[in-house]
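Read from first to last, the chains carry the letters A, B, C and D; within each, the first residue is number 1.
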Amino acid sequence: MDHRPQAWGRPRDDVYGAYDHSYFQNTGPRQATQAPIVTGTSVIAIKYKDGVVMAADNLASYGSLARFPDVKRLRVFLDSSVIGFSGDVSDMQFLDRHLTELSIDEAYEDPSSDNKGHLNAANLHKYLQKFLYKRRNDFDPLWNQLLIAGFDGDAKPYLASVDLRGTSFTSPSLATGFGSALAQPIMRRYAATEEDAAKLTREQAVEVVKECMKVLYYRDARSLDRYSIAVVTKEGVELKEDEQLEKQSWAFAERIKGYGTQTV
Amino acid sequence: MAAMFSQNPLMNGPNYSFNDAPRTAAPEGARQHRFDPYTDNGGSTLAIAGADFTIMAGDTRLTSGYSINSRYHPKLFKIGGTTADQKDATIVLSVVGFAADGEALKERLDAICKMYRYRHGKPMSVKACAQRLSTILYQKRFFPYYVYAILGGLDEEGKGAVYSYDPVGSYEREQCRAGGAAASLIMPFLDNQVNFKNQYEPGSGVGHALQERERKPLTRSEGEILVKDAFDGAVERHIEVGDGLQMMVITKDGIEEILLPLKKD
Amino acid sequence: MFRNNYDNDSVTFSPQGRIFQVEYAAEAVKQGSVVVGIASKTHAVLVAIKRNAEELSSYQKKLFPIDEHVGIAIAGLTSDARVLSNFMKQQCLGHRLTYGRNMPVRTLVDMIGSKAQINTQHYGKRPYGVGLLVAGVDDHGPHLFEFQPSGMTEEMVAFAIGARSQMARTYLEKNLEAFADCGREELIRHGLKALKESLVQDRELTIDNTSVAIVGVEKQEDGTTKPQPFKVYDGQDVSAWIESVADNAEAAPAAAEGDGMDVDS
Amino acid sequence: MTSIGTGYDLANSIFSPDGRNFQVEYAVKAVENGSTSIGIRCKDGIVLAAEKVITSKLLKQGANKRIATVDRHLGIVYSGMIPDGRHFVDRARDEARGWRDNWKTPITTKDLASRMGGYMQAYTLYQSVRPFGITAIIGGYDSELETPVDGEVGSGPSVGAGGKVAGKKHGGPFLYMVEPSGLYWGYYGAATGKGRQAAKAELEKLDLSSDGESSLTLEQAVKEAARIIYVAHDDNKDKEFELEMTWISGADGPTKGRHMEVPEALRKEAEKYAERMTAKDVEEEEETKDSGDKMEE
């Protein structure tokens, strides 16, 4: 009689013979390391007086093909933080499911519905940083760069980034992918330092983010003119997921060789 | 030194003139995209041991390739305090190189020092902590923490103590050490200004009879000025260093933190 | 009746549906010297009577810090307490490394609750022979939990376990309403008075046999709250408190500031 | 009782000559010593209630929750040995998580009951473990909406999820009760613990199964649950108790599919109703006692 609980429910060796382990292929190279297939482009975010504004377009590209035009890449966590995903969409979905289970576990610990004491953005960022760093150490990375926006333990606006190697950092404004080259210089004109960011009003912050989304649409060949934008305040998260890029002007393109009639 | 790990392929590795740089011949079969677990986040650190103090310093810029990720990402960490604000910490660790490994290394050493204090009822000495850090680094000898670590504190006699490391744990106690991207710029400056190398008493003799300048320990204020000058020089000539200078001065009364601005270009 | 057949191991129910090994383990808690815990809106306090084996021997430590925001008072087998305390320390450290916050006290207590429950359901394992009072602070404010060998854990306003702890509980029940708004000092005095109720007639509180621990949040002038890390006081540090609750001290000014508590015993 | 002294009742998994596992039966005794728990399944939701006997005045009021949430849409209340119950809840949460990992949807109440029944039963097969000293009531509301799978992105084809029979309603409230032997049944009303007999009698009076006009709404069920706990408390009326109640409604109900504690205002209202109703019973008893003096105390 095998009393060990881990032996329960397994076919008995004395009846069926010992388990044939050759089915497990434990030699040969590890095939886990992957490459991004369906990808999301930049996520941008900026802190302001009362919170953080974050935006990302709704495109999931399959290489150069604009394959899925309404994939929402901003996710709300426990009604208090927002996570923006760029990079591999399948890993984003895995992380999304994992965050669902994390929020369920978090609710177990704190049955009182005042949801004080839940994970804030700073806690979530540290968790995700360790999670991605572990996957990097196993050479089986989640091929993403995430922006986490919300509030920290002292109820101050919090914005941080973490990527597939577990590298993480905070800044008054952040952007992933193309955005770090195109959008950051623009956002840094308004939020160069924490003090500058603390002077921005909500309208200004939203305006800057929309402006950057337009610049990215002009210059990033894997971007889309429909996007999601989230504003995180102490009261919670306001998320709009079907915004259309307005006030576009392609006049500058006239001067670019190959666009329209210009051939020289 | 920084060129060894620069993002820019041309700058990566020892620098040959263009035409005789070795071609990276493709090994048998096409070279597959492999996940590179490392990246270089730039930045530079510095530590000077004084008679009864130790100054740890590091810039606060974090880069990857040619873009600045953050202008304020501390490289200095207080280690082994009983509370989250590390008020009663006695040791400072500085890390530079690959930031994720740096963060992981700091968290591991801090956890180990906290457990030591829990088990032994007293804080870890800097000597013991230094040796422990060496074993932590060597445990990952074949998948290293890509970090140049420097540990600072006061030794049993209250004198300043600086221990510097290579990424896989070989370490040595020194008077001063610069690490990271601009180490090659700062270290010679320190040799000359802290250890007075190549400095001679003027007119004290001819040829070999020339007297070397007498070495006397640095005062704290001299040290702080020296550190600021060292970083100003480094910022001028190295793109990965700048934005802010974070200093921690360890004395028997505790650890004082100083933040100074650096050029943001 | 028939108790001897059903009390050999912790996997046998008696006809009345009782597990005697768990009940005997609860008796082991009563072998330990008494400890008292009280929680108010702003603080949680633990006080303990320490015992020494003989006159010249040292006193058994009863209060242990687990993390900066939580600590325990033990009664019963100290070796079992050590195992649980180490486990709690690792969990708190791991939680802080993973989330960067104080581990919610209830989460921590539930963990040792489920650990203890396993030992009451598997052959060859025995229940822990120690009871704990866990005092801590988290986002919900101060808490006091009681842990029993059965794995039962409950949140209390105040509680006492150990030898003759019933007398201390009676004192606590009488003064229950006053605890919520008590400040630091009052809370400690209530704790010490409860302890005295459980002392055998000739024994009294001394700086050798009394231990006090306090954790809480202090309201600052500017309205923010500053956490006060868990701290244990022994020896000379507790003498002032002991005097303030000494029997003749009732009239002394120290206790006069409006305690207004009529001790009817 | 052929058990005591024959030695068949000393170890788990041992059958006595008349085919009984006495350790399981003794475990049921432990449940019957515990305070009462009940569950009610009405047409638009689930109510779970627990009579938490106050063992010490020093307990912090309202801080020690007995009814646990599993996933988001399931609640579990239990009577008997509380630590065993917490172990049971921890396992139920692991099962719910395993289901989500595997199927990317929340577990249905039926599947959770089945898995937990199997888990409890496993503890009656070996001498190396003892049975659970609890009986657990599992209530849940399986979503009636067409929810996307976890992590789903994009809107997918507009034709909607293929293969579903048109017009078929799925989901709804479900109630199960699992005993130490691992046996479980589906219920409209379930009760366990010391006051289970009185509670069952009251539950049977309610109209829970018909979909007609008279069948109970969720708010009424909350009030009835409070009353039934007050009635059941009669068995250990020398001790004070704290009433804890939770409920689960559909997506358009007050809890939007989630298991949560009944709001304080509603709970207080239910308790006043319960006190009024149980007080009236006592008066009736006095009247008959005074007039005929037939009823012996």
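Simple rule for what comes next: a residue touches a chain if its C-beta (ideal position, glycine included) is under 8 Å from a C-beta of that chain, and two chains touch if they have at least 3 such contacts.
What you are looking at is a predicted structure, and each value in this text was computed from that prediction instead of being measured.
Q: Which two chains are joined by the greatest number of C-beta pairs in contact?
A: So the chains sharing the most C-beta contacts are C-D.
Q: Counting only Cα atoms for the centres, state how far subunit B is from subunit D in Å.
A: 61
Q: Go ahead and note the Å separation of the Cα centroids belonging to subunit A and subunit C.
A: Here subunit A and subunit C have centroids separated by 45 Å.
Q: How far is the middle of subunit C from the middle of subunit D, if each middle is the mean of its Cα atoms, in Å?
A: Going by mean C-alpha positions, subunit C sits 33 Å from subunit D.
Q: Subunit A: which residues touch two or more other chains?
A: Those would be 3.
Q: Multi-chain contacts in subunit C: which residues touch at least two other chains?
A: Residues 97, 123 of subunit C touch two or more partner chains.
Q: Draw the chains as dots and join the ones that touch; what shape do you get: line, ring, star, complete or other?
A: Basically it's none of the tidy shapes, so other.
Q: Give the pairs of chains that touch; include all such pairs.
A: A-B, A-C, A-D, B-C, C-D
Q: Over in the complex, which subunit B residues touch subunit C? Could you list them?
A: Touch list, subunit B to subunit C: 82-84, 107, 111, 114-115, 118.
Q: What part of subunit D is in contact with subunit A in the complex they form?
A: Checking each residue of subunit D against subunit A gives 65, 68-69, 71-72, 93, 97, 100-101, 104, 122, 125-129, 150-155, 260-261.
Q: Quick check: in the complex, which residue numbers of subunit A touch subunit C?
A: Going through subunit A, the ones touching subunit C are 3, 109-110, 112, 116-117, 119, 122-123, 126-127, 130, 153.
Q: State the interface residues of subunit C toward subunit B in the complex, per the touch definition above.
A: 65, 68, 89, 93, 96-97, 229
Q: Over in the complex, which subunit D residues touch subunit C? Could you list them?
A: 1, 3-5, 9-12, 23, 26-33, 56-60, 63-64, 81-84, 86-87, 90, 123, 127-131, 133
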